[in-house]
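Following this line, the structures themselves.
Okay, so subunit A shows up in both of these, paired with subunit B first and subunit C after.
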Partner chain A sequence: MRYEAPDSIEAAVSLLAGEAGKARILAGGTDLLVQLRLGHVEPDLVVDIKRIAATQSITEEAGGYRIGAAVSGAVLGEHDGVRALWPGVVEAVELIGSTQIQGRASIGGNLCNASPAADSVPALVAAGAVATIVGPDGRRDLPVEDVAGGPGKTVLAAAELVESILLPARPAGSGDAYLRFIPRTEMDIAVVGAGVNLTLDGAGKCSAARVALGAVAERVLLVEAAAAALIGTPVDDAALSRLAEAASAACRPIDDKRGTKDFRTRVAGVLAQRAARIALRRAGRG
Partner chain B sequence: MTAIAVAATINGEATSFLCEAEETLLDALRDRLGLTGAKEGCGTGDCGACSVVLDGRLVCSCLVLGAEAEGREVETIEGMALGDHLHPLQQKFLDHAALQCGVCTPGFLVAAKALLDQNPSPTEEEVRFGLAGNLCRCTGYDKIVRAVMDAAESMRDGR
Partner chain C sequence: MTNSETGLKERQFKIVGTRPLRPDGIDKVTGRARFGADMAAPGMLVGKILRSPHAHARIRSIDATKALVLPGVKAVVTHEDFAEVGADLQDVLENVMAQDKALYDGHAVAAVAAISAGVARKALRLIEVDYEILPHVTDVEAAMAAEAPVLHDDIVTSGVEPAPKTPSNVVHRHEFGHGDVAEGLAQADVVIEHDFKTAATHQGYIEPHACVGSVGPDGQGELWCCTQGHFWVRNTCAALLGMDVSHLRVTASEIGGGFGGKTTVFIDPVALALSRKAGRPVKIVMSREEVFRASGPTSSTAMTVKIGVRRDGRITAGEAVLKFQGGAFAGSPVDLGAMTAFACYDLEHVKTVAYDVVTNRPKQAAYRAPGAPMAAFAVESVIDELASKIGMDPIELRLKNAVENGSQSSYGPKFGPVGLVETLVAAREHEHYTAPLGANQGRGIASGFWFNFGGQTCVSLNINADGSVALAVGTPDIGGSRASMGQMAAEELGIGYDKVRTIVADTASLGYNDISEGSRVTFSTGLATIQAARDAIGKLCGRAAQTWGISPDAVVWEDGYARPAGANAGEFPPLSLAEIAETAAKTGGPIAGHCEVNAAGAGVSFATHLVDAEVDPETGRAKILRYTVVQDAGKAIHPSYVEGQYQGGAVQGVGWALNEEYIYGEDGRLQNPSFLDYRIPVASDLPMIDTVIVEVPNPGHPYGVRGVGETSIVPPLAAIANAVSAAAGVRLTELPMSPPRVLRGIDEAAANGKA
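Moving on, here comes the complex of A and B:
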């Protein structure tokens, strides 16, 4: 195995493109180093992207924030601007692992590791975040929900990498939230995760919503039917019940030691509804 | 395989070492530099026995490549005492008998110091939350939490 730490995105892409064997990108390493140790991956080349400025910075853009793919959870959590604009995304990122893991774990890594249970991904999907991907053919933007293909798989081509993720601007009267169910209070993998992002108009009606679920399918799901249950309503109890039903209906989970299909399906509805109530509060209601 | 030459600042001193590309910072500290305070409890980020501070951030050194330390600052348990004077956290761990086998202790001390550097007056809950990435198979955590709270108090009092 070779290790390279280029300081430009172009150099990273050409290293990846020029590698005849297997190449892996290294961000915080909290997934990759575990996989290396367990022998799940045996790369010929590891490209550390943390010396590339664009992967390490948080900048304002068009009223939103562009977050470098390798920015750690600890750094993101200390950013007052992002906390204020997208509290649901920050709370999801902060659920990842311990203080030690937060010191390294990135949203780019959480996304590209492509675990269906990745905590930040439902929150990013609900937020309508867009990944900027760089490869030999230049840059392209892809909605975050389209990055993962299935467990451990992304749609990125061999020499492509995520450079940054854009959290868009949002209208007044908006709120978002992420909740996960785990059997312990921390340091565990989500059995179900739910991210909700909504906007209320001046009359208190929901004018826009996005709902995303984690750990209930082979990848994180954007559940349009659940969002539709809120849009146009005053987000009252009836609408929240329909949201829960739609969220449960979208689940196609597996049975495993962490939870059965039935359990995951039920909990997805409950969590989506609770996350929506928190989002509602953050949008200024109640 | 050619080894990589790494120059880093470790506990305030310019240090260089050679390591293989796949070698972790934990292995480099222990096997190349003789800094055996950081322990390998799991090697997968779960136990925190390998905790070090890298450029001001608490991390698991088992999840960092040695090569990544190039140009960085690393603080380990070996840099915690001031000469013969134990750090207040170290002294309080002794006073409260907050260790038995001691394998987790360096990691707890490094993590507790990082916690108190950020938050000099943590509540008990904040201490437990902040140290959730450190596992101890012996003490049952209570004595560790008490030692950290007590150290925080004495550090605030400037004792």
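Moving on, here comes the complex of A and C:
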């Protein structure tokens, strides 16, 4: 196995493009190193992207923030600007692993590991985040909900990699939140995750909303019906009940060692509703 | 002054009962301590084990030709490389290395020694095993069914009349009790009967099994390993390899947790067999996945309990049927479950029936008070419900039926002085018991019992010329015992704790010591340490007598000094231990005390636990809010380590009760062999565990010590189930009480309520 740590995105792309065997990208390594140690992957080339400046920076852009793919949870969590604008995204990233893991685990890695249970992804999807992808044919932007193709698989072409993720600007009266269900209090994988992002207009009605669910399908779901349950309403108990119903209705989970279909379906509604209440508070209500 | 009940002198202790630093403490917090995997030897090879991917399969052939020609491979072993053993060790051998059948997912079928881990892994893939896959069974009740696939052709159920003629998975039927249960139940005002189930759990020790084995061309062997009992490991490995016991020396490393799971052998004989064949030392370290798949978790169970009570709170009869699967070989702790089930209660009519069942799972190993926590879960759940049915405080109900000195136990013998009543009273008086509860919160209480054991023990205590003392014990230190032994030796000798250094000696340095199990170490090794100190004191007094030219009978030992027994003995200034030691060479040579004993008189112990839990009614998630352990220690030698045992038992109980579970797929393969999906509690899941040490001295120990390591895991499953059931508003009868299961219980209760 060859290890390379290029200092430009172009060099990374050309290393990936030039590899005839299997190549893997290393950001924080909190997923990849575990897979290597368990013998689940045996790559010929590992490309470490942490020396590429663009993957390590957080910059303001058009009223939002562009976050490098290799930015760790710990760094993101200390960024006052991102915390203030997208608290739900930050709380989701900070749920990944432990304090030690937070020092390494990256937002781009969490996205590209393509686990349906990834904690940061429902929050990013709810936020309407966009991934900037670089490959042999140049740059392209892709909404984060379209990055994962299925468990452990992305839609990225060979030699493509995520350079950064853009969290957009948002109007006043907005709030977001992420909740996950785990049987323990930490060091666990989401049995269900729910991210909610909403905006209230001057009259207190919901003018925009996005709802995303994790661990209830083969990839993170953007649930438009759940958002529709909120839009145009004062986000009262009736609307929140409809949100919960719509969220549960969108689930198509599996039974596995981490949870049952029935449990995941039901708890998805519960969490979506609870996350919406927090988002509502952050939007200035209550 | 003498305690009238126990006959023990109420002695004023100087060192016993204090909390000095443990001798292994600094090494453990600085990383200097050497655990199983820290050992290395020159020329050492890496050993890896090939494990069956099938739950049940006949092994038609094993072909290692391709592996043996891989450069760097030095040896391959299969069952053919081990000796013929007697019936008592046949199961141990077959568990170490499969013979004609693989009996569970993870069962070892071959092993390789190579120059690196990479080569060893590659070699494992080159070993060709021809399996004939057989139908499998992992559930205890399914394994008992007539149509179940049978694991062993030579197991025919014993303990039933008439004796069956065909083999089955039911190894043995046990029965305990006295009186006439039907008659007792007829006297009851309320009778409650429930079925219960518990999942198999793992001890969850953080250190995986690890060892280095070395057998030289002269046939002399050495083994370094993490174990709770290196003398047993030595005897067993010697038998499995066909060696003389004296040709194998075993040294126990520091141990990163055992809880009963390191009382047998898995990899040690394999490392020795590989080393013998390769001619070089071989190190084997299990991965966490191997630990889960192929060490010794505890039984999963199905139980039925029926208890009757009068309105005045007197229990009229108790009956239990217990079915435990113990993995692929005989010997689940179901008999211990049956013996302990009703041990807290003084009953006229009691009967327990127990079935030991084999399934296609790893052979169970001991896990703290083996069998008792599950039985207590079932019995104490019913007791709790009975209390609520008759409107009686649950502690009051237990006090009305609690065993005391002289009570006939449910499993046979009469109890001596015991502390159950004291723990119940202390729990009732604890502020926790009456603290207010909020919405969706519930309080649970349960009591538990464990026998505690003594056993073979051998100790040497050497007085050094400078007056310091080297104490060599043969029981691996799994809970701070080196500190406790040092305290007892110092107390007896009348010297400072810092003057005594306690070590765990290797198997060549002491006579046989039973395993550190059965909560026996502080009791038995403590007793032997005290006797060895007294033996040394006798010799010290003899040397003083010789120096003074008086009779040894005229010398007494007080506070670290030899003194003339009285005015008649003569006037001599007292001689300290150090002064006598300094001149030992001139007065007869080295001074040492010894004790070899098969310790009897281990005092049983009882505990009562209080738990507060909160249940999220929308997700079924249970949270432990508060926990108090009250337990009888007899005499706490080092209270911090006694408290640590209490807290540890409660914490392991929390995991067992709420989330820990061996999950098998339809294919008979373990689905969750990692700490990610086998969910032991993390620190943030737990409240501070409060402890109350009750001391009702054990007359069988010079200081009154009772074992404390196991009793603490007996009540938690029941106490937590009672708390969670109260919080959820529904009786939960299946462990773990994972969120989906609790939510289903809440739903079913709601549906029944509407109906």
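Following the convention adopted for this analysis, the second predicted complex is superposed on the first by the 286 of 286 C-alpha atoms of A that agree within 3 Å, B and C clash if a C-alpha of one lies under 4 Å from a C-alpha of the other, contacts with A are read in each partner's own complex, and residues count from 1 in each chain.
The rule is short, and it goes like this: a contact is a pair of C-beta atoms (placed from the backbone, for glycine too) under 8 Å apart; a residue touches a chain by one contact, two chains touch by 3 or more.
This is a predicted model, so every value here is computed, not measured.
A.B. asks: If you stack the two complexes on chain A, which partner ends up touching A:270: first (subunit B), second (subunit C), both, or neither?
C.D. replies: In the superposition, A:270 contacts subunit C only.
A.B. asks: Is A:30 touching the first partner subunit B, the second partner subunit C, both, or neither of them?
C.D. replies: first
A.B. asks: Identify which of subunit B and subunit C touches the larger number of residues of subunit A.
C.D. replies: Of the two chains, more subunit A residues are contacted by B.
A.B. asks: Let me test your reading of the model: by the given contact rule, A:181 touches which partner, first (subunit B), second (subunit C), both or neither?
C.D. replies: Once the two structures are laid over each other on A, A:181 reaches subunit C alone.
A.B. asks: A:189 contacts which: subunit B (first), subunit C (second), both, neither?
C.D. replies: In the superposition, A:189 contacts subunit C only.
A.B. asks: Looking at the overlay, what does A:208 touch: subunit B (first), subunit C (second), both, or neither?
C.D. replies: Neither partner.
A.B. asks: Using the touch definition from the top, say if A:258 reaches subunit B (first), subunit C (second), both or neither.
C.D. replies: Once the two structures are laid over each other on A, A:258 reaches subunit C alone.
A.B. asks: Which subunit A residues come up in both lists, the one for subunit B and the one for subunit C?
C.D. replies: 186-187
A.B. asks: For subunit A, which residues are in contact with subunit C within the complex?
C.D. replies: Going by the criterion above, the answer is residues 39, 181, 183-189, 191, 256-260, 262-263, 266-267, 270.
A.B. asks: Which residues of subunit B touch subunit A in the complex?
C.D. replies: Counting only subunit B, the residues touching subunit A are 4, 21-22, 24, 43-46, 48, 51, 54, 57-60, 62-65, 67-68, 70, 111, 114-115, 129-134.
A.B. asks: In the complex formed with subunit A, which residues of subunit C make contact?
C.D. replies: Touch list, subunit C to subunit A: 121, 618-621, 658-659, 663, 671-672, 676-677, 679, 681-682, 684-685, 738-740, 743.
A.B. asks: Which positions of subunit A touch subunit B when the two form their complex?
C.D. replies: 1-3, 5, 26, 28-30, 33-34, 36-38, 46, 48, 50, 72, 74, 97-101, 103-104, 186-187
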